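Next up: some structures, all given as structure tokens.
Two complexes are shown next, each including subunit A; its partner changes from subunit B in the first to subunit C in the second.
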Partner chain A sequence: MTGALRIVHRNALVYRRAWRGSVFSSFLQPTLFFCAMGIGLGAMVDAGGEALPGGVTYAEFLAPGLLAAAAMQVAGFESTYPVLGKMMWFRNYEAITATPMSVTDLVLGELAWLALRLTAIAVAFVLVMTAFGIPRSPLVILAIPAAVLTGLAFAAPIMAFAATRKHSNTFNVLFRFVLTPLFLFSGVFVPISRLPRPLVRAAWFTPLFHGVELVRGLALGAVPPTWPLHLLFLAALAAAGIVVAQRTFRQRLHS
Partner chain B sequence: MTGRFSLSRRSAFSAYAGTLALPSPRRSLRMVQRNLVVYKHTWMVIVSGFFEPLFYLLGIGIGLGSMVPAIDGVSYSAFVAPGLLASSCLNGAITDGFFNIHFKLYFQKTYDGILATPMRVPDVVFGEMLWALGRGSVYAAAFLTVVLVLGEASGRPMLLSPWALLAWPAAVLAAAAFSAMAICLTTFARKVEDFDTVMGLLVMPMFLFSGIFVPVARFPDPVQWVMRATPLYHAVGLLRQLTTGSVSVAIFEHVAYLVVAGLVAFCVAMYRLERTLIK
Partner chain C sequence: MHSNETSLVRARGLTKQFGAFIAVDGIGFDVQPGEAFGFLGPNGAGKTSTMRMIACVSPATDGELRVLDMNPRTHASLIKARLGVVPQQDNLDTEITVRENLLMYARYFDIPRHLAEKRADALLQFVELDDRAGAQVESLSGGMKRRLTIARALVNEPELILLDEPTTGLDPQARHVVWERLYQLKRRGATLLLTTHYMDEAERLCDRLVVMDKAKIVAEGSPRELISRYSTREVLELRFPDDVHGTLDGRLSGIGERVEMLPDRVQVYAADGEHALQQVHALGIPFESALVRRSTLEDVFLRITGRALIE
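For the complex of A and B:
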């Protein structure tokens, strides 16, 4: 366990020199999306008079969804290029595992560090939401860990996958064919009930849908009765990812 | 003494004239040929670029569009479609113009190798532009076809006028202008992280605030001035006039912006690359 903490410490030291670039991508992006889509487009949606679940405005509907999606996107990016970089290009992992640090320490440490970063992003975005008067319940505090869990449900499996890659080419495909469709069809922008029926069924098997349901329910004070299912799905995915990641990391580093 | 002086003056002049040399079409095509050969290994990245605007069209244009009332008599999906076409021109220009060229410049040193042959810098820049243009035209034609088919199949057409035929060359113009600007910006970047800043501070805000998803007129005045200054706004405006058929004199303003900005960027890019590559 202390080994994992040392990885967190190491990443914090590196981050001190590199945080500027990531501020844009991680926190500014959902905020800009919220301003353009939530406020600008939201006014047009609300004028259309189509009812949203719970009778909320479009801005209220969108903001929590963007929080969950931001967690997915940051988690997705951080567990692809940086992981492959440390594995193959800069060989940090090789150096780290040459010390008494175990592969388990390494995987858990990387994920713990990511969880910290996701927490910071979620807190910042919840503050933005509060500034716009979005949250309808104090439960919004719990939306922060829910968003972090959503991120980890992506990060752990993607990290496991990234450790098996020899090129970074596949990552582009992963972003464009997996993460972008999830971003657009998991109920972030459009209530899932308005999608064609097959897509609604498919959504139940995608992690972002569960994350959006949880985060939105908590932020708007209307937690769906299916919440244990959502929680379980995300936790199971993260746990499975951790198990597989240890295997793929070990194979790659000890080969 | 005077003789040597005049000689060195002359060679300085001819070196200067060399910088201003026009690209040779034949040699520029060699650059395109080179990219085509490499493309065989990276086609997935390029093909995937076409799907991004398509997903946005389905998710936001058609999905969310079902909840948005018509804008000036134009359905929301027909409003968004030309905007996404413009943004796909921008995306293509960025993939090629930013990352690929940066890697070829500083990591793979591709251009150093190329310049050891009879190729010169203007040929390289023009060749890269031609490549971007070819790719942009394929993207645009594919996207317009999908928009046409989707619109007709769903009974809610997204190309509303025969003017839409001109949207294809217009998109190619936008793609050319964007790639010149992207290559130009790349010559100012020193490290890969610089692109994060450009993407976060320039490209992402432009994507959201150039009238693709929300009419510019709905924003406060000062915000509108900024929006109207961006190249994406003009590309969106140009393409939207053509696909919706509400063509007005303002179209010349959009075309002029893209042509002038593209040409200026092209010249700056050529000049700066010459200085970076020829030491």
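For the complex of A and C:
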């Protein structure tokens, strides 16, 4: 475990140069989104008729979904290009594994660091939501770890995949054909029940749907009875990703 | 090939295969404490694969390998704790400072902070980067980065230092500074293991070396031994006009011990190069230039493999 903490320390040292901009944007992005979609679009939706589940406003419905989606997007980005960069462009992993540090230290450390980043982003998000008066329950605090877990459920498997790549080309495919459809069809913008039936079924097999359900339930104080399933799905995906990532990292670094 | 219990590295029948490709083909060697041991050979000869096996980041396919009297397969972490590795390509953390690179690396070896700081400062002085301690690595020249990489490899006071092509890609001046630092390390009693495809680097730094070609060791000895075994004391290099070069076949035979025809020049191996030159003069063949020089490891490699080291 101390090995993983050293990786966190390393990443924190590197991050120090960029943190100001990064903190600013983690507040700015949700603020802009709420203004444009929650308030602008929300006014039209709320005036237009059909009630949302739980009788919430569109802004209330949307904001927690966006938090889960933001966790997915950050996790997706951070576990592709930077991982390949440290693997083959700048060879930082080669430097680290030339020391007594193990591949397990490396994988767990990278994910622990990402978890910290996700926590910071989720905290900023929840603060902005609170400023807009969106949370309906103090349980919103737990939406932060739920969002972090959502991110890790993406990050670990994607990191495992990234470690097998020789080019970054496939990352675009991943973003366009996996993450973007998930972003659109996981109940962030429209309640999942309004989707065509096959899509509703499919959603149960996608991680973002589970993340959105958990985060929204906690933020709005209406945790769905299916919460253990959502939690289990995300945790299992993260755990499987960690196991596979250790394999692919080892194969790549210790050939 | 002498072997004894004090060998820091001992290899017998060491083999590395990637699928059907054999990168290292059953090589054997011993590295003794305090010596500078070199692997000389062209790119693709298997030098880096051998280094990676010794550095415990690449499992051997077959054969025996012991590093610091341990098995890399079962004791990688313990071995790595006592190795210093300078890779072929610099892999510094370019986004943090020079000094932070050393301190961070010391953390990977679990070296306490106060000790790490003391060592970092001493090492920065050793590689003459103390005035750049607070600089970002990005701002360093290629030679400075190399020296920092060497300093980083010393942060755990390693018993064995592995250097993979330590001066490849550096300009001549930067190379000399690196050589000078490595020579200092040698004088302090460090054990160096280096790969190179530069014969001048091997001659300058190595007490003993093996010549590798096509995954195998083809010769072993000190630079001086190898030269006296495989070459003559001097070499006469002749360049002829293009129309003459093609017609030389056999006309120079009998001069010196051996004549080597290369695409752009002719090398006459002789104990006395000046004497050989007089003999060429006597034949009346017009040449453009003539140079008498000492034999080098380049000539050894050419003799053994029939090819130049750098083509």
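Criterion: the second predicted complex is superposed on the first by the 246 of 255 C-alpha atoms of A that agree within 3 Å, B and C clash if a C-alpha of one lies under 4 Å from a C-alpha of the other, contacts with A are read in each partner's own complex, and residues count from 1 in each chain.
By our rule, contacts are C-beta pairs under 8 Å (C-beta built on N, C-alpha and C of every residue); 3 or more make two chains touch, one makes a residue touch a chain.
Values in this document were obtained by computation on a predicted structure and should not be read as measured data.
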item	value
Subunit C versus subunit B on the shared subunit A, clash or fit after superposition	fit
Subunit B versus subunit C as contact partner of A:R176, first or second or both or neither	first
Partner chain(s) touched by A:V14 [first = subunit B, second = subunit C, both, neither]	second
Contacts of A:L184 with subunit B and subunit C, given as first, second, both or neither	first
Which of subunit B and subunit C A:A98 touches, first, second, both or neither	second
Spatial angle subunit C-subunit A-subunit B, Cα centroids [nearest 10 degrees]	80
Partner chain in contact with A:V243 - subunit B first, subunit C second, else both or neither	neither
First (subunit B), second (subunit C), both or neither touched by A:E50	first
Residues of subunit A touched, compared between subunit B and subunit C (which is higher)	B
Nearest Cα pair across subunit B and subunit C, whole Å	13
Touching residues on subunit A, where the partner in the complex is subunit C	2, 6, 9-10, 13-14, 17, 90-92, 94-102, 253-255
Touching residues on subunit C, where the partner in the complex is subunit A	18, 55, 57-59, 77-78, 80-81, 83, 85, 87, 89, 91-96, 100, 104-105, 107-110, 152, 156
Subunit B - residues contacting subunit A, complex	42, 44-45, 48-49, 51-52, 55-56, 58-60, 63-64, 66-69, 71, 193, 196-197, 199-201, 204-205, 208-209, 213-214, 218-219
Residue numbers on subunit A that touch subunit B, as the complex places them	18, 20-22, 24-25, 28-29, 32-33, 35-37, 40-41, 43-45, 47-48, 50, 169, 172-173, 176-177, 180-181, 184-185, 189-190, 194-195
